[in-house]
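First chain written, first letter: the chains are A, B, C and D, and each begins at residue 1.
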Amino acid sequence: MELFDYSLFASAIRMVSPILLAALGGALCARVGIFNVGLEGLILAGAFSAIVGNYYSGSVIIAVLTGAFGGVLVSLLFGLATIKFKANPIVAGIAINFLVLGLTTFGLRAIFQVKGAFYDKDMTGLPKWDLPLIENIPVVGNLLSGHSPLVYTAFIAAILLYVFLFKTVVGFRILAVGKNEAAARSLGLNVTVLQYGAIVASGVLCGLAGAQLSLGQVTMFTEGMTAGRGFIALVAMMLGGSHPIGMIGSSLLFGLMDALSIRLQGFSMPTQFTAMLPYVITIIAMFFLKDRGLESQASGQQSSR
Amino acid sequence: EESENNSSTTNEDSKKIALVLPEKMGVNPFFQQMDEGAKQAAEEFGVELKTIESTDHSAIEENLRVAVAEGYDLIITSSFESEDALKKVAAENPDRQFAIIDTLVDLPNVQSVNFREHEAAYLLGAAAGLSTKTDKVGMVVAMDIPLMKKWTVAFEQGLKETNPEAEFLVNYVGSFSDPAKAKELALLQASKGADFVAGASAVGDLGVFEAAKEQGFFTSGQDIDRTEVDPEHVVLSQLKGTDAAAFETVKAFANGSFEPGVVEYGLKEKGVGLTYVTHESKTPLHSFVGQEAIDQVKSLYDEIIAGNKVIENPLSE
Amino acid sequence: MNLQRKIQQLLKPMLQPMIAVLIGLVTGALAIALVGESIMNTYKVMWDGAFGNFYFLTATLARATPIILVGLGLALAFRAGVFNMGAEGQMVLGAVCAALAALYVPGAGIVKLLSAFLAGFIAGGLWSLLAGWMEVKYKVQLLISTLLLNYVAVLFAGYLVAEPFQDKSGSAALAQTPMLDQAVWLPKLFAGMSVHMGFVIAVIGAVILYVVLQFTSSGYEVRMLGKNPFFAEYGGINKHKVLLFSMFFSGGISGLAGTVEVLGSQYRYVEGALTVPGYAWTGLMAALLANSNPLGTAVAAILLAALQTGAMGMERNTEVPLEIASVIQGVLILFVTAKFTLSWWKVKKKAGDVNGAV
Amino acid sequence: MTYRLEMKEMTKKYGDFLANDGISIQLKKGEVLAIVGENGAGKTTLMRMLYGLEQPTSGEIKLNGKQAQFFGPQNAIEQGIGMVHQHFMLFSDFTVTENIVIGHEPIKNGFFNRKMAAEQVQKLSDQYKIQVNPSKKAGDCSVGEQQRIEILKVLYQGAEIIILDEPTAVLTPFEVDELLKTIRFLADQGKSIILITHKLPEVMKVADHVTVLRNGRVTGNVKKEDTSIDQLATMMVGRELQQLSERNQLNGEPLLELEAVSIKGKSSKPVLDQLSLTVHRGEIVGIAGVSGNGQSELIQAISGLTTVDQGDIRLSGTNLVGKSVAFRRNEGLAHIPEDRFLWGAAKDATIEETGVMGYYHKKAFNKYTFILKNSFREVVKTWIDRFEIKAKSVDDKSGNLSGGNLQKLIVARELGFETDFLIAAEPTRGVDIGAMEYIHEAILEKRNRGDGILLVSSELSEILLLSDRIAVMFEGKIVDILDRKDATEERLSVLMAGGKEDESSAKNTTTA
């Protein structure tokens, strides 16, 4: 059995897109000094609202929009707690995870009268886009073509975020807030507005991550379907130093290792060990990326405050 | 208050039954059915039923104890996870009746309802072996835990007995509730040439079904007849009558015929089965499997219920 | 006057979470009202489920036990200024090693029991130390490495009990070790109640940790390291040594959390039994809620546990579905650290203090 | 002509505490107003109200004769007020240009036009003769350069009134001169400047008017021409300043010996280059030098906060190289650090906790590893009495102390060890003249008792006042050592800038 084939990479790209989207969202929060461990909840909210939107409108576009909207609603709640009421972001983030899990499960029951999972075979998911021209290139075509629009969105969003943060004025100010909030305040920058802005944007990104999960990868919602992706996104964010391009790298590394670990299941090694692979490789990667993410995150010493 | 209640049995007209589930039923059709079956019987036979879901492992014992304290006459629980807790609680309350579905607890006041899923898994494997055109068959399994061997080992046995050439691919999702990953695994197996991929990944099966639809291979579901979901691709379903088990238990208790001991549900008792072989299905048989294969599986089934063939429980070595 | 001050000082760390919980309750009431339930009744049922009578009180305390210990372990790390996110892995490894020691160490019950404690503590401690060592020696960020090491630990423990050390007796369907010998079970505090000796250990642990941190030299070194590592170094404190020790004990205490769960309540290691209830996350919240004060952490842990047992009670006794219980729980926690009495001056003062460059 | 700025009867209360009590100041166009006063007199508070960071309890602010109000920094900036904070508000990862234009960035096609920004900064820099390197990272700039960035930032924002809160506290003498020239130049260009400082000679050099504050009130409002340093000091402290004690003549043995100590550092040039130095008992050796020439590394090498690559360090004959900080402290080293917030204290710790560092394991304060708080408390109280440290209680956070009072606490702590040897780095930075007097006196007293002191200071006057011998550092080396009586500010300045002295005088002095 060969370990590396196109489908490995294609599958990695697919699997990684919600993680990348959420990591970008987390990075935006980190860039304004808020460490967001509520990504898991935000993605789940997005996944659920996307399905709701899809069910009622029958349109995938509206579904994606409602997914993003769901993410935004929850992120606003998170923002309210952390920015307005200065709640500890980690506690608030964990609470968000609990809260959304409860809300979506309840929503399943209240809206769809089902428990556990909502699946409707008439529901259409996101289309698969074949990229003209690229599609026909032998290897690359297999890899890059035929993904859902949100997969492309994830990578484009990373690049846009890069441009936004490092080339525009508002991005510049966001960076400033994260680097030195006190100084930003003393300059008269409206730190609060920038923070809310970043949090809302992160809600959008996580909402899209959820939509990709519930409409792109599969077309259904199941209770707790994020299955820890929010935390992986958090790791990808930190490993990528909250830098959009870095995060493409770190989430791809993780995705590839994850896809590889699945293929290793075939060999006579306990699955527990193959499943460790992505985590172990990520730890090893950290030996080479020592100072990553240090500056940009508010989490470092805040615990002792 | 509680300790007083402990000894006194309530003398109200209707009997009170508690169904203590070891998990939140949400992600698991297995528990959903059980709940439905019990509810239906409760309604039919005029007993009061309360379903209590446990949020986690340590809540099971707690919930059992509270159910005792609150004076339920029969406390039904389920599955291996509750084993330890039930052993403790039942032993401490010898005057109370208990039942446990899907595992064995050997106590004088406990009825154990046991399923022989492996028999059904064997049949499913056999059907797969007879149907596959590529001689490659896959299975997407929730987690690599001992319990799942009841599915994987017996399935492989059935597969190999009917089709020695067939290759068996197995992949583990690592979660009971990750359809996205289950789908990727199914796609992977399909890309390796499997034309039949059995789903055994709880909620993940929905992901397997989607993969089948997308790539045009065939698949099967678990517990209830899932062929309705997508008759074109979900061509078989391995059945498990937890609803019947719960129904029967409640019914027996309501009628006064409830007895401690072991109640077995295997192929013979029609507690487990396979669509088209042991149970009818609303959807017509798909040509991928074909009547010929079904007939062959049926003869295997006959051998088993006749006792000529014994499928070992992979867990009891 | 002096006494009054002392009392105030002692209460202060606990006051904050209390006020916060109160605020959370108000928001929770909103959630209940939205579902159309009676607020007072729902809260009453919740209260009863947590503290309603002696039985429920002990159930709450039993549930709080691992949370307290995890919280204490984390509080210690936080005090030293390191963000240990790896309590889950440390706890799980501690639990599985304790179970194995209790099963396979030869000798009398007490020998087994002590080796189980030792094994649990050391396993958790070493796992945590690994992250500390990578940080000190190779500057591998502890926040990420501990998060990742959780997965590795949980998977490894899962392997141990699914393969080599699996319980082959009985149905053999679960990934779990065999049942421990009765002789190593931690005694229950009251017959028929789930709270066990582990709770006493946790409370004593909280007091010891408080005393050590607050009154001893080592505690002082830990705290100063957390407050300003440069100052600590300048003052002659061996930064790395204190950090590694803190991480070792932090993980060790988390390991103890797993140990007492195994010895006091499950009597074996069952895969998932420690991770699914989210003890690690709850412990993390407890420590953060209490600002890493050990006594406050214990109180916060009990409150959080009460919230969970209360929610179970609510599920059993009202029509509020379990999911709504977790929604209410979430809302309560969301605002639990909120600072509604924010003094502007403090923010401004901070603004003045931060030195931009250098 | 109307005043450009008038603040009338400004009062600010913090709870019951009157931080500002009816303070009035006036400022004309092109004028420099100096505000002086002890630590905690209320200077910063007054400025924070002007910059919109605090709202006055009562009082009136007029800009160009018109009533004005400031709701926040943004608002103040819009009305032409700029503030250079005592602690710089810079983004160390950003370039100089980015730091200056932030908040008013030039935009092209919706994008941040960094090129145009750099040009504008360069133009501004030329216009006001304030030299900066627009493309350098702020974090890589020297303190003086960072200060210039702050001033340019304020100018870029279009400030007409510029507040400088203790701008010279961290500057080298050369940088101070430059800054004072800049201030004068800006005033001549029509800007109005408020200068807060503890250094009275600077006031005399650059100010037009001086307002003196004490305990939140104005105790003096004078024209520069009509006053003197002594008079200002008296108004500030409320008493006459005293002369330092006499220094007794001591010829002690070598105490601290450094031999050919080198530290490689990151760049190609070593930060310490074969440095040798001896401090004797009963002697204060001052280290003069432009900051960044290895003084910090020298201090850290001696105290054990950094490792040396080569060379010997001995204290009373005991080798210190490779030994821990704790070991060195036990051997008799005390250390007043150059940055009190970074090294000297933990802001979140209480005063007592900051004080007990280094004592907590000593026998007198430790029993069975328990710290004997009560015994130690007594000691802290004596420090508070002796140095007149203004603290609410020893349980108050050390971050709540004003810089001067925190510094006194640190000095008291380090002197309290009664070690043979003391490193005193910038012992009076940011400290008012009253407190400075105490600290100088304490250091001298220690010397007179026969202990050795290495004094590192960017304040030449301090070096000249206290040192018995003065070593000048340049590029990681000691270029010369002068005797107290031979040293003048001019000679030192030449040496500090890397200039060579004639051979004979150098020889004379090294043999002291």
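As a working rule, contacts are C-beta pairs under 8 Å (C-beta built on N, C-alpha and C of every residue); 3 or more make two chains touch, one makes a residue touch a chain.
Protein identities per chain, from UniProt: A, C = ABC transporter permease; D = ABC transporter ATP-binding protein.
In this text the structure is predicted, and so the values were computed from the model without any measurement.
Touching chain A (ABC transporter permease) and chain C (ABC transporter permease) at once are the following chains: B, D.
For the pair chain C (ABC transporter permease) and chain D, the distance between C-alpha centroids works out to 45 Å. Averaging C-alpha coordinates per chain places the centre of chain B 36 Å away from that of chain C (ABC transporter permease).
The geometric centre of chain A (ABC transporter permease) is 47 Å away from that of chain D, both derived from CA atoms. Those residues of chain C (ABC transporter permease) in touch with two or more other chains are numbered 158, 162, 227, 351-354, 356.
In chain B, 24, 144 are the positions where the chain touches two or more neighbouring chains simultaneously. Among the residues of chain D, those in touch with two or more other chains are 53, 85, 89-92, 348.
Which chains touch which is summed up as A-B, A-C, A-D, B-C, C-D. Interface residues of chain C (ABC transporter permease) facing chain B in the complex, by the touch rule stated above, are 53, 55, 59, 62-63, 158, 162, 166, 168, 170-175, 179, 192, 194, 261, 265-268, 270-273, 276-278, 308-309, 311-312, 315-316, 322. Every residue of chain B that touches chain C (ABC transporter permease) in the complex is listed here, in rising order: 1-3, 24, 50, 52-53, 55-59, 61-63, 65-66, 69-70, 80-81, 83-84, 92, 103-104, 144-147, 150, 315-317. Contacts from chain A (ABC transporter permease) toward chain B in the complex involve residues 1, 5, 7, 11, 14-15, 105, 108, 115-117, 119, 121, 213, 217-220, 222-225, 227-228, 259, 262-263, 265-266, 270-272, 275.
The touching residues of chain A (ABC transporter permease), counted against chain D in their complex, run 167-169, 171-173, 175-176, 179-180, 182-183, 185-190, 295, 304-305.
Those residues of chain B whose C-beta lies close enough to touch chain A (ABC transporter permease) in the complex are 24-29, 32, 144, 169-172, 174-175, 177-181, 183-185, 187-188, 191-192, 203, 206-207, 210, 229-230.
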